[in-house]
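Next come two complexes, and both contain subunit A; in the first it sits with subunit B, in the second with subunit C.
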Partner chain A sequence: MMFDPQVIIEKLPEIGSGLFVTLWLWIAGVLGGVVAGFIVATARRFGGKIVNAVLGTIVEVLRGTPFLIQIFLLYYGGPFVGLMLDPIPCGLIGLTVYSAAYYSEVFRAGYASVPVGHVEAAACLGMTRFQTISRIQVPEMALIVLPPAINLAVILLKESAVLSIITVPELTATVSAIGSQQYAFLEAIFVLAIVYWIIVELTDRLGRMAENRLSRLRFSKA
Partner chain B sequence: MTPKLFTLLLEAALSTLGISLVSIAIGFVIAMLLSAALLSRKSIYILPARLFISFFRGVPLLVQLLLIYTLLPVIGINVPGIVAAIVGLSLCTAAYQAENLRGGFASVPRGLIEAADVAGFTGVHTFIRIRAPIALRLTFPALVNEAIMILKSSSLVSVVGIIEITKMAQDLASSTYQPIPIFASAALIYFVINSAIALLGRYAERSLKGASA
Partner chain C sequence: MSVPAIAIRKLVKRFADTTVLQDIDLEIPEGKVSCLIGPSGSGKSTLLRCLAFLEEPTSGMITINGEALGFFEDDNGRRERLPANQIRAVRTKTGMVFQQFNLWPHMTALGNVSEALKLVRKVPKAEAEERAMAQLRKVGLENRAGHYPSQLSGGQQQRVAIARALALEPKIMLFDEPTSALDPELTGEVLNVMRDLAAEGMTMVVVTHEIGFAASVGQQISFLDHGRLLFSGPPAEIFAKPRHPRLEQFLDTYLDRGASMLA
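Right, the complex of A and B next:
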């Protein structure tokens, strides 16, 4: 078997559209997960024992089971409870819910990292809870949650490849389909690996840059 | 969901457990070799180790599995699917474990290494007797987490046709047409195994702490 890059070059437009689906699913999943995760973490912190226990259990189950099983449950099980989803919306919902569970843990650690004294001081100054969260707790935890948040984003990009199994037309699905049509499976998978590798490395670098920037910010203000 | 179906899933769980355990063990050995390479201060060892870690952490496991599955026969190695699956999982977890261990190796006190040097330990000896045990103890919680990740990731080997929990659940769901109870049971089994690993990990962590005090 010869390694023939021609096959891949001819199919670049198709690979591009697969890459586009992967990228937007990833970004939407991460953003949705950050927002939902923050809401879950906040509800767990201020919503009382019962809310904390219920949300905590859901988060643990989502974190303790494979993403693939969750996707199967949603995609194949959904229609039995009246939830008919096309692959893309199903993938988007699955990715968002999965990432929300992980991001909620990141924010939970973030809340725990803010010194109690700061929160008490805010209360003494007459700040409402909303003001305390938005002006004290969120800015203070931002630096601490950034590295794990970016790590998690990288993990989610790689997790999104799993969506190819329920025929979401993202990068992995597109490229392996090209591979089997053209009998060039090795070339296709090879390209696939390289593309993911580049995106992951870039995200990692960007994250480290953002971290350096933010830590300078903190030192200059301290 | 009959007891019989559940039993089938439980039997498949043994396969999941076996694949995961073997992969974690092989991965650990490779991770130690990678760590030794990274600590060697020789760029002919450091660079390949870095490249290995970066690649296997940068590419989705599903893609790695597909790559190994197609690459092995092309380069003339014909092995059963399960071996390819274990190779894929082992290489992936090795990269992650090495990355976890890196932090541990970095925080081994220099004085201990110097002391070992003065006491006449060779480099290999110092690595095995001093650096590795301390790094291992420091990064133990991360390694337990990695074991849980691999157990979950092993669901992906279903894609290359290995019968484990996920593949079994898929087959049962399509033959009985009851996806919800079957996938929910599969999820439950994964969850129970992972909770047990986490619990054991915390227990081991506590006894390790006792040992170091």
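Right, the complex of A and C next:
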């Protein structure tokens, strides 16, 4: 068997559309996960013991089971409880919920990284909880949570390949289909690896730029 | 008789089953410097944190300029928690200075001092910064306004923290061991700022190990030990003839330390 890039080049438009689906599902899942994860972490911190225990258990279950199984349950098990979802909405919901669980842990660590005294100083000056979160805690934790948040985004990109098993027409599904139709498995898998790797590299670059910028903004001489 | 700046009545604070403060009764007169002294674990910092409402008293009542702080307790011991906005309003009558400064690292000195003016008092940015600048001038740091806390020495950071606490023009300043985290060389500049404040007639409550400062600036000295207020009175009475054996013992350790330095 020869390595024949021609097969892949012919199918570039199809690969492009698969890539597009992967990209938007991934970005939406990460953004949704960041927002939901922040809300969960905030609710766990300030919502009292019961809220913390309930949300904590849900997060543990989501982190403790494989994404593959969660997606299977949601897609094939959903109809048994009246939840009929098309592959793409199902994938989006699954990815968002899964990433929210992990992002909530990132923000939990972020909250814990802000010294109690900094929050007490705000309270003594009569700031409300919302003012303290938005002006003190979030800016202080930003630099701490950025590296693990980017790292998590990279992991989620690769996890999104799992969505191919519920027939979401994303990158992995598209390229493997091309591979089987054309009997060009090696080429297909190779292209897949390269494309994921390029996106990961770009994301890392972007993350480092954001980090540099943030630290310059915060601690430069005025 | 005029209303005391702070009145503490039958204050009790327990953490789980340890009693940290037991039946504290104390009045802090307006315009006076009141120092809380005592060995580690005596409860003096907890008492100060109760005055800032950073700790909630288990029972008893604190009033600031006659207004109940956090809880209202009637004579039968029935207690009612006051609404959050009322608590915030009473809290801004006091300014708090911490042992660890607790400046916000992502804001400049000017940002630290002007933040509460903008957020809590809704003062427009330009005016807030002007007023913050005046406070920085007062602590001798107007030329450090644009510096971040990480670019300042410990003594400078603590002076910025004092300016931040002064920004809302509190009636009372609370100091929790303000020089304990500083090199001996830097304590002087902070104590000088505090002396200036005292000279202006600011009501101050100072938890301190600086017995010299307490003796020279303090007008009321309270000695705590094991959660109880053992003695409270003017410095002359306390330092010249400490009649309480526990206080005598406590002050002796300070004399010992001074003497060993000379040897």
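Methods note: the second predicted complex is superposed on the first by the 220 of 222 C-alpha atoms of A that agree within 3 Å, B and C clash if a C-alpha of one lies under 4 Å from a C-alpha of the other, contacts with A are read in each partner's own complex, and residues count from 1 in each chain.
Simple rule for what comes next: contacts are C-beta pairs under 8 Å (C-beta built on N, C-alpha and C of every residue); 3 or more make two chains touch, one makes a residue touch a chain.
Note that the structure is predicted; figures quoted are calculated from it, not measured.
In the superposition on chain A, contact of A:G117 is made with subunit C only, not with subunit B. When the shared chain is aligned, subunit C comes close enough to touch A:L125, but subunit B does not.
For subunit A, the partner with contacts to more residues, out of subunit B and subunit C, is B. In the superposition on chain A, A:V61 makes contact with subunit B only, not with subunit C.
Looking at the shared chain after the overlay, A:R216 reaches neither subunit B nor subunit C. Contacts of A:R205 after superposition on the shared chain: neither subunit B nor subunit C is touched. Interface residues of subunit A facing subunit C in the complex, by the touch rule stated above, are 115, 117-118, 120-121, 123-128, 131, 135-136, 139-140, 218-219, 221-222.
Across the complex, subunit A is touched by residues 52-54, 88-89, 91-92, 94-96, 98, 100, 102-106, 108, 115-116, 119-120, 146-148, 150-151, 161, 164-165, 167-168 of subunit C. Interface of subunit A with subunit B (complex): residues 1, 60-61, 64-70, 72-73, 76-77, 80-81, 157-162, 164-165, 172, 176, 185-186, 189-190, 192-193, 196-197, 200-201. Remark: subunit B residues 54-55, 57-64, 66-67, 70-71, 74, 148, 152-153, 155-156, 158-159, 166, 169-170, 173, 179-180, 183-184, 186-187, 190-191, 194-195 touch subunit A in the complex.
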